[in-house]
Structures are given as structure tokens and as C-alpha cells.
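Have a look at this one before I ask anything.
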Amino acid sequence: MKYLGITLKRPKVGFFDFTGCEGCQLQIANKEENLKDLFGLVEVVNFREISSERRDDYEIAFIDGCITTDSEVARLKKIREQARILVAMGACACLGGVNNLRSRFHLPDVVKEVYDGHPIDTGPVRKVAEIVPVDIELPGCPISKPEFEWLVRHLILGIKPQFPRYPVCVECKQQLNSCVLDMGMMCLGPVTRAGCNAVCPRNRLGCWGCRGPSEEANLESLMEILKEKGFTEAHIAERMNFFNAFSGILDNDR
Amino acid sequence: MNIKIPQYDINLEPFMERPPDFNNKSVLMQTEKGFKSEVINIVKLTSQEKLFQVRILDSCEREKFTFLPGQFVMLELPGCGEIPISISSSSSNREFIGLCIRKAGKVTGMIDRLEPGAIVGIRGPFGTHFPMQKMKGYNILLIAGGLGIAPLRSPIYWVNEQRSAYKDITILYGTREPGQILFDYQFEEWQKIYNLKLLTIIQEPDENWKGRVGLITDLFKEVRIDPDNTFAIVCGPPVMFKFVCAYLSDIGIPRQRMFVSLERRMHCGMGKCCRCNVGSTFTCLDGPVFDYWTVMNLKEAI
Amino acid sequence: MLFKTITKENFKKMVEALLEENEVIGPKSRDRDTEGNKIYRFLKINSFEELEMDYTRSYSSPKNYFLPFKEDLATYHFNDKGWEQEIQYTTHPRVIIGMRACDINALLKLDQVMLKSVYPNPHYFARRRNTLIIGLDHEPLEDCFCRSMNTDTVFHGFDLFLTDIGDRYFVAINSDTAYIILNKFDAGEVTEEDRERFKTVKKQIESKFKTQVDITILPELMDLEFESEVWKKWGDKCLSCGSCAMVCPTCYCYGIEEDTDLSFSKATKRKFLYSCNLLDFAAVAGGHNFRPDAHIRLKYRYYHQFRGFVEAFNQSLCVGCNRCGKACLAGISPKAVIDDLIRTEKLQK
Amino acid sequence: MTVKTVKSLNIDIKHLCRVEGHGDIRIRIEDGKLAECTWAVVETPRFFEVMFRGLSIEMAPILAARICGICSISHSLASARAIEQALKIRIPEPAQKLRLLAMHAETLQSHSLHLFFLVAPDFLNVPSAIPLMQTHPEVVETAARIKGFANKAADLLVGRSTHPMVIKIGGLTQVPRKIQLTELAKDLDATIPYLWKALELFKKFNLPDFVRETEFVSLKGAGEYPFIGGDLVSSDGVSRKEDEYLAMTNEYIVDFSTAKMTRLSRESFAVGALARFNNNYDLLHPKAKGAAEVLNLRPGVHNPFFYNPAQLVECIHVVYESKNLISELIDSDISEFSSPHTVKECEGVGAVEAPRGILYHCYRINEEGKIENSDCVIPTNQNNANIYYDLKKLVEESVAQGKGEEEIANLSQMLIRAYDPCISCSVH
């Protein structure tokens, strides 16, 4: 394939799932009408969820899910060794995601309670970047297919993708949504990285921050605003911690 | 009853037939139309910069494309992006346009990978130019830092072509490292044939470097400037022209006789996207070439 | 200008007739805020009943029907020899009902930039020419300050402008197309009584303005108070979320994005409206950002609105609708900021 | 020809492909005897039951969705329903209908994904659906149309195709506009022919001949084929109320699997498309019954490979049912779609028929509206033991029939795939 006279290579890619709901991988199978074009661009050599073919000569690895067990750590490190480019995909891989909610509790107690003392291989919830260097983080819970395709085009052109640096509000306004904060609901849109076309506010839910913080997000100001609107600190914290997108940010600033 | 509002079809307007003429700014034209151009030659200058010679394919469009030193074009790679680039060739050369490009990001990174024969889009020329006519009869001091030499090549060609109209012409050129010097293959030609004085200086020399070492301002010690009869053109990173212009003002060159070329983020080149707007001034329309008096009045210029 | 009147019943018939063949945009509501007030938006109308002629203010301005938030400027088809560019300006006729005087004035200001200054914008030109605007008077809201900005009345830039005088509308007519349409619906001549009623309504509107913004030396103040702490104070609250620019009827800054399709056979060049408050508005390759701080970016939005535009066109860009103030979660409104500037200026004396 | 029985055999499949989540198959035959035969779920648990603890009830449906990317709507609905049952909220009828419609969309999404992407490659002898794009474009086209429609429907009804946003306690956050519903009905009509095409395709597949007497558990339809809430029933005659689900599931833990197992009247039972079909055949849409006829599927099937035809029959059922639902919605007032609620200390269970079978969420809520305790029983948990016993029998029979290692390995994988296990879900 050629683009402006430059020969483009068809990279070999692998998809690897760790601890998560596999919703992100599912998105890749969506938008069936151009699946053919997508799989024409890349050669899928490893994608367990939809294919029995398994090869280890991939150049680009897409990782979804968070990392919890030692065996997962080892598997991830091996993938990192092989892959030229490693993409963390989705909130679980990029942020730890909802899985982190369990970190509020003492893990051994949790295991004991759920598995009644049976041996279980598990560990603390970690995002991919805590274990190995990550080249690109594709945000979202789940990821969006158009954004995935956009990323693939960048990878093939060999350009580093620039995700929106501004918050969700921009896109929310472009959709002519009514601001859900005006309607009395909570929303993290003002501090969350855009790119999802504000789907949640559009669906009258308010943003939950699944795409992680926007760059230089003004969290202090939003906290003030939310408190003024009558939300309790606990309520705000519950929301901010949901996808583990904002943990540490506020504390580090202080 | 129903009413159908008549449709006004802009596609029937005469301007749709004509290639846009960016020198005629106030007429309606297809402002998005890129002149299809072929990259006919690529000269690798350093590890970061290349000189691209680009030829507008359509003869009619090529005919229309005239510019003055200091102006820039919007260079487009369809599907990748569009960026402002100063024209770095002679304004009397109607065959091709020279663009000296440093790879710095998305579009420039892609441009770096182009090969001769690639088809790109060109819109322009845009912006203000150096007042070459007004400078006639004066000395000209051209001061460049780093990539700043690129937009100066056009005035250099200009003065050579009308060499007798100008008095002494001095080029002061500084870069960080010797490997970053651009167009050194032309230095001899400039000095001997164009009859210009050229001084270069390096900030961080390597062992092979035999020339001067220091900041560009150090070169002032070596040149005699006659403030009453000199125009200055300064191009380079903001920190550089801040110091240079301050010095030149101090020795008495009027601010209206010093010209700088500003850089700002740009997406249109036509005063619409506002990305280059500094309060009330558009770098793309009112600039990129400004006299230093104007720059001083821009709140955020440097 | 020509004036006529049209009964509300006939107006309904006219709108219904327009709906048959044309896209009609008008104020509609769907949601309510916490106080129970309706939140209005300019959206496509499918029947006269959906149109809410008693609306207060739309949350976002109708500017997006002239400057869409996202717009394809050109498409490219790749081939062996390179590519072919395709530019399309086609727009279908559209009717917008219910634009306020300030919104029409906002369009007139956009016209200055998009049509009357250098490089007229053909996309905007095509939209402007294909839109029939039916304006509508209203009593100002608590926070409208269009009167201070001299935009509470409008004399051109629309096709029809309605003032509610009871059972009928007093109509100012500004285009032949509109004149012909109006006459198909038994538009009446203006009677002495209509005239009196019109005057009374106008007087009443005028008397209702509550919010004033002092713009006497505002352009100068922008320079004088360039380093003021006021900017920092408001900048610290600013979320850099761009909401203000998105809802504003006159903010027109944009960015360009180019992308190909999945088979690298087609590319598009897309324009998307931006905001000078967003982090990377003035960031350039290599990481340098000319406006790295929220307060600096905020300042430049005001600088452009209240000084830059004045310098270029002898008028402020802001029309005083206070949409930005309403949309801003941090409560940054032109009134508050400008009052603050004036106050600090006084304190210095 | 003499039958040559395998004396020894060792099948060890790590991370079975074309299923959701991680599971291993280990089969060992020594001296012609079955020494080991396990279906081991090795997925890492996420401890969702713990995650719920302490959260406000409003967050439960949002979090519940993240249990599974494939059946997120079911989880969200089960979660919302459990809380609504606990707080005794009656949700407005339009919301009920739209929720059911969303369920249908998910059933269609999930079944078509399974049938075309995960199962069909087995019968068409390819490693995945990707090569089918070249070799069988018509199959891919059919799949794309059906799944595309299902995704679009989910987008419209719950906000996006995975992880819904509009399902909230008491109803929905918003409803589609009627114009959009009309559009959807049009799309639906355009999709129906593709379902019949799919039927033609699957009719041609030769399903392995294998039978094991099974107890089937599902919701009991009252007037209509069951999807959301209602009584619980088993083909062995057990019948319980929704909130007596524990008596229906009897979870227990085994060492080799992170997914728990369940039992009722026998060593194991099965849930899912086949269970629903067997227990509620009479309530199927006539068109679906017709489809079942074509596929040679009659109530009372005990061959697990028939899960796939049953799924296809359900696809046809939900599409025709959706058609009716949409026109009912278009013809009625749908402006009321949410009921208010006040919190109190209480407990409630929500059962829904997720694509893979009956799904329970149960929460105990405190007086501040926070979740004190939660329990989720997932369809794949309930099928887990049944798969295990099926596998054992299948391998034993195959060995007796003299099948070779490769064939046994293939059959075992196909068997497990037939159940469409949703493993990350089952471990949660």
C-alpha cells in the first residue's frame, strides 16, 4: 500500500486480554461494514477471543484489562519484549479501571470471603504502565471503534497520535446537549479527556471520567463547583474514584 | 400550501471556474483549493532539515503564483495536515518553490519521508513581506539564527538580482552546533558572486569546528553598522531576536527599519482560524513580517 | 424598510407551509434545569407545535447553522498519479425561526470576518445566502446586557423580524423572498393601532434591561490592566473547557484535522470550532506553548472580544447575550470580569 | 474394520480460543482409561461482589455493566431490577418495554457474535471469521447485517452498543424519539431477510450426535417468552420465586476453577438458550417455531450442540417480538419513563435471562442507600458443572468409538464453545 508515494507496511498485530470484561476487544469486532478494510491494513496473528490462530511474531501488541496476578505480570513482560509498540487499550489497562474499587478492602479478606479459603491466584490491581513501558494509551470504557481505527491509521503511517487534550465539555457543547450539571446531575466532563463525543452526558448520565483526566485538568475548581451545587465530598470522591482516573492527582498537587 | 425557498447555488458562481488567486485577497475564491504540486527535488541539509523544491503542476496556477520575499505558503499533505512554511527560494523563479522544512511533528515528520515525485498541495502565498523596495539605497543587515536562515534566502536572492540597488549587505548567521548550519554549500557563492559579507558563529563547537564560537550577538563586535543607513531583517527563535533587536535599537536603528518574522500556530493562513491571533493582530495577515515597533506593541509577541 | 403585520394564526399557516419543503430550525426544549426552567436549543422542527415561540434564551447560540462545529472543507481521492481534491459548497435552503436581535447582530459581526474582510469564506457565504432568518423580539432576561453592547436592536441581516403585539406580529421585512412569502398569508398593512402597540412593546422591552456593562474605555482598559490580578483570579477558576466559546454566537476560532479512510483511498480535511481557552490553542511543534496558563488564555478571549475586534471593526465582538456566563460552571461572565477590571482600575487611583 | 481404541492420550489446551475469557481443557487418558478430564476456568477474579460494597445504589447498574462486555445490558438490568425489587419501585410501562427491547438487542448482538464469529469457523474449517471475508463473503455480509442492526438498536436504546448508560434505578434516563423508533423499525425490517439467510446456512451444518440427560433451568414465562424477572423453573419440576434463587443455584467451589459451580436436582444443570427453549417453547413467536422446525429442533433436546440452533431460533423470536414492541411504543405515550424512589434498609433480587442464561443480582442496601452486600450468580457458573460432566461423557464415548486425539480435542472445544461460555463474567 502507498500513501503519497510512501510505501506503508502491513504490521503484524496481536491482541491480548488480561483481567477485564473484554468489552474493548468486542468493540474491534463491531462496525462490521469496514472490518474487511481494517483487517486488510493489519495482519492479525494473535487474537484469542475471535481466532484460533496464534503466532508470536507480532510487532504491535494491544493489551486490554488490568494486571492482577504474577502469571499475568510474566505474560505481559514477555509480550513487551516481543512488541515494538505496545498499546494499552481501555480504562482497565490505562487506569486500572473499576477493578480498583476492590482496593478499598484488604485482599486476603476478600479472597477468604468469596472463595472460602480455596487457593486463588490474585494480587493487587495494576495498570499496564505500572509493569511495563506503554507506548500509547487508548482511553475509554469501552474504547470507541472509530478511535481505534483512527489509531491504527496513525500506527501504519508511523505517526504518534495526539488525543484531544481538552475536556469532554467541548464535545458535549458541540452535540448541543443540555449540561447535566444544570439539571442537577453530577458530571466529570470538565476534567475528563474528550474524544468520546460526550456519549454519557448525551444520555443524561453525566461523565464518569472513564477516559482519564484531560491535560492540566482544573480539579480544584471543579471540586468547588460541585460542592457549591450541593454534592457532598464523599459523593464526589465516589464518582472520581470509579474508574480510578483521578486518584493521586489532587493529592500530588497539594 | 407549500413554499419552497429557492436554492442559491454557489457552484454556479464564476469563481468556481478560476483557480484561486491568493494575492487578490478580497474576492470570493475556493480558499481550500490546494494547487497540486510535485516535489521535484529534495536536498538533505542536515539530519533534521531538508530543502524541497516543489513545482505547481497546472501551468495556469503556476502563472498566477507570485510572491515577495518573506511570504509563506500553506503546504498540505492530504490526509495528514496542512502547515505554514516560509518560501525559501527566489521570487523571480517561476518554475518551482523552495521550502526548507525541519521535521518537528506530525506533518513535518511525514514530509521528511516524502520522495521526489510526491504530489502535495500548496495554498498561498500568504502574509506580509520584507519591504525590499523601501530598502533600496540602504545597507541591509540580515541576521539569522538556526532555521531562521530559511526565510532569508528569498531576500538574499532578491538583492543579488538587483545588487546595484543596495549598498552593503551583511549576513550574520548563528546556530547551536556546526551540524545545524544550513545552506553552507551556498556560502561561497553568496560571498564571491553575490558580493555579500557573511559571518557565522556556533554556540557549541565540536573538535572540527574552526570558526567563531559564541552567541549571535558576539558578531556585532566584528561588523560596523551605520544606523542611519541600515535596514535589519531578523529571523530566528524568539529569545534571539529579543536580544538582537534590543541591541540594534540601542545603537540607533529605528524600530520601523527592523523587521522580524514571527511564528505562531496557524491553521488557515487567512485570518480566520484565529490560532495566530495576538489580541488584535493576525500573524498570518498582518505578519509574519512585522517591523519591530509593531512587535513591541503586541502584548505577547516574544 | 417595509413593515406589515401577520396574525398568529396566519403565521402558523406560514410556518406549516415552510415546513412542507424546507428544513426549519427553531427553539425547542427537552430538559429542565434544577429550578424547573426549560432549557432551549435551536433544533430542527417537524411541526409547528414543536416550535416554542415563548422561549427565553437558547442555551447554545444558533451559530452552528452558519459555522458548523464540524465541517468537511475538502475531500481527496487518491490515485496512481497522486490525488484529486473535491470541494463542495452545496447547502440546502433552511429557515431559522426565532433568532433574537443579538443573535442576528452576532451574524452581522461574523459577516465582517467571514465575508467583508480578506479571504471571504465560501462555506459561510453559501450558508448565509441559503438561510431565511425570521427574527423575534423578546423581553430581556435578568442578565442580558446586549443594550450595553448596542445589539438589542437590529435593522438588517434578517429576512423577517417579528414583534409580538398581542394577537399578531408586527413584521419588519428585509428581503424580497420573505416579502413574497409573507404576502401569501394575508399579511396586513400596519394600522395606526399596530404602530402604537409596537411602540408600547418596544418601550416595555427597553425598560426591562437590568444588567449594564460599562464599555466606555474598555479597549484601553484591556491594555492598561493587562497585568492585572483580576485575570489570575478568574483564570484560577477557569476549567479551560471551552464551553464559553462553543455556546457564544460570535466565537469563530477553529482547528483543522485531516484524516484518511481505512483503505487510504480517500482523505478529508475537517474544520472544527475550537476555543482560545483550550490548553493547546497556541501550542506549537516542539512543545512550546505561547499561552500556557488558563488565566492568560482567558485574558486573550476577552482581549479579542473587547479590544482586538474593536480595533479591526470599530465594534466589540461580544453581543451581550451572556450565554458564556450561563454556560460557565465556574461563573465567569463578561459582566463579572469587566466590573472587576473597572473596580481594580478605580482602586489604583 | 476394527475399532482401535486409544490407549493413551494427552490433550492440554491453554486459553481456549473463540470464547470469552480464559479457560483450559485438560484431558488425559492412561491405559485406555480416563485419568483426567477437566474444564478449568483460569480467569483471574475481579471480586465484583466486593467492589459493589459501600457504593451508592445509583452506581450499581453502571458498575454491573462492567462485569461483562458482551452482556452488559443484562447485568445492568439485573442490577437495577434487584434494587427496584428491594425498594419496591414500579417502573413505568414505556421504560419496561424499552428495557425489554434493549434486552432483545443484546440477545441478538450476543447470539450473532457467537454464531458467526465463534462457532461458524468450526464448521467452515477456518481459524477465525477473518479469512471468511475472502472465502465466504456472503456469510460475513449476513453476520454484519444482523449484528450491525443489533448494535445500532443498542446504541439507540441504551446509548451505546456496550456498557449502557440509560438504565437507572426506577427506569431510564431518557428515551429515544419516536422518529428514531420509526427508523429503527425500518432497519429491523431490512434485517429480517438476513436472519432467514442465516437459517439456511446453519441448517447445513452437521451437529455432532451426542446426548446427555440434563436438567434445564430458566425463568418461567408468564404470557410471553421470559427475559426480565419472574418465577424460576426447572425441567425436573422444581419451581421457585425469583428471590429464592439461592435454592435454585446452590453454588459450590472446586479447586481447579475460579468460576464456581452449581447444582439442583442432579449433579449439574444447564441454563441458556436451550434451557429457555425447552422450558418455554410454547411462548415462542410462531415465526421462531417455524425456524425451529427448519433446524430440526424440538422441545426436549438434550444434545448440548443444539445450543446454537436454539440461539438462532431466539434471534428470530426477538426480532419479531421487537417489531411488535416498537410499534406499540410508537403508538403510545412514552413521556413517562422513570419513577422516583426513597431509600431504606432492604434486600432484593433481580433475575434476567441474559443471552447465556439466567442471571441473578442480589443486594442488601442500608438506610443511607449504600450497598452493604451483594451477590451475583452468572449463567456460565451454572453451566460450568454441566459442561464438566458433558465433557467427561463426550470424551469417554469418543474414546469408545475409537476417535483420534485431534478429533477428540476438536469435539471438546466445540462442545465448550456451544455453551457460549462467558468466562470473565462467570468469575467476575
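Every chain is named by a letter (A, B, C and D) in the order it is written, and numbering of its residues begins at 1.
Going forward, a residue touches a chain if its C-beta (ideal position, glycine included) is under 8 Å from a C-beta of that chain, and two chains touch if they have at least 3 such contacts.
Predicted model only: the values in this text are computed from it and were never measured.
Visitor: Going by C-alpha centres, which chain is most central here?
Guide: Chain closest to the assembly's C-alpha mean: A.
Visitor: More C-beta contacts across A-B or across B-C?
Guide: B-C
Visitor: How big is the gap, in whole Å, between where the Cα atoms of subunit A centre and where those of subunit B centre?
Guide: It comes to 42 Å between the two C-alpha centres.
Visitor: Could you tell me the distance, in whole angstrom, between the mean C-alpha positions of subunit A and subunit C?
Guide: 36
Visitor: Distance between subunit B and subunit D based on Cα centroids, please, to the nearest Å.
Guide: Centres of subunit B and subunit D (C-alpha means) sit 65 Å apart.
Visitor: Would you give the residues of subunit A that are in contact with at least 2 other chains, written as numbers and ranges?
Guide: 3-4, 204
Visitor: When you check subunit C against every other chain, which residues touch at least two of them?
Guide: 78, 82-83, 259-260, 264
Visitor: Enumerate the residues of subunit B that touch no fewer than two other chains.
Guide: Expected reply: 77-80, 118-119.
Visitor: In the complex, go through subunit B and note every residue touching subunit A.
Guide: Going through subunit B, the ones touching subunit A are 77-80, 106, 109-110, 113-115, 117-120.
Visitor: Using the touch definition from the top, list the residues of subunit A that touch subunit B in their complex.
Guide: Touch residues, subunit A against subunit B: 3-6, 157-160, 162.
Visitor: If we count contacts the way the header does, which residues on subunit A are in touch with subunit D in the complex?
Guide: Against subunit D, subunit A makes touches at 17-27, 29-33, 35-36, 39, 44, 47-54, 68-69, 72, 97-99, 101-102, 104-105, 110-111, 113-116, 118-122, 141-142, 199-200, 202-205, 208, 235, 238, 242.
Visitor: Touching subunit A in the complex: which residues of subunit C?
Guide: These residues of subunit C touch subunit A: 30-34, 39, 41-43, 59-60, 64, 69-70, 78, 82-83, 236-243, 246-247, 259-264, 272-273, 275, 278-280, 294, 327, 329-330.
Visitor: Along subunit A, where are the residues that touch subunit C in the complex?
Guide: Going through subunit A, the ones touching subunit C are 1-4, 8, 34, 37-38, 40-41, 149-150, 152-153, 165-167, 169-170, 173-174, 176, 178-179, 181-184, 189-191, 204, 214-216, 218, 221-222, 224-225.
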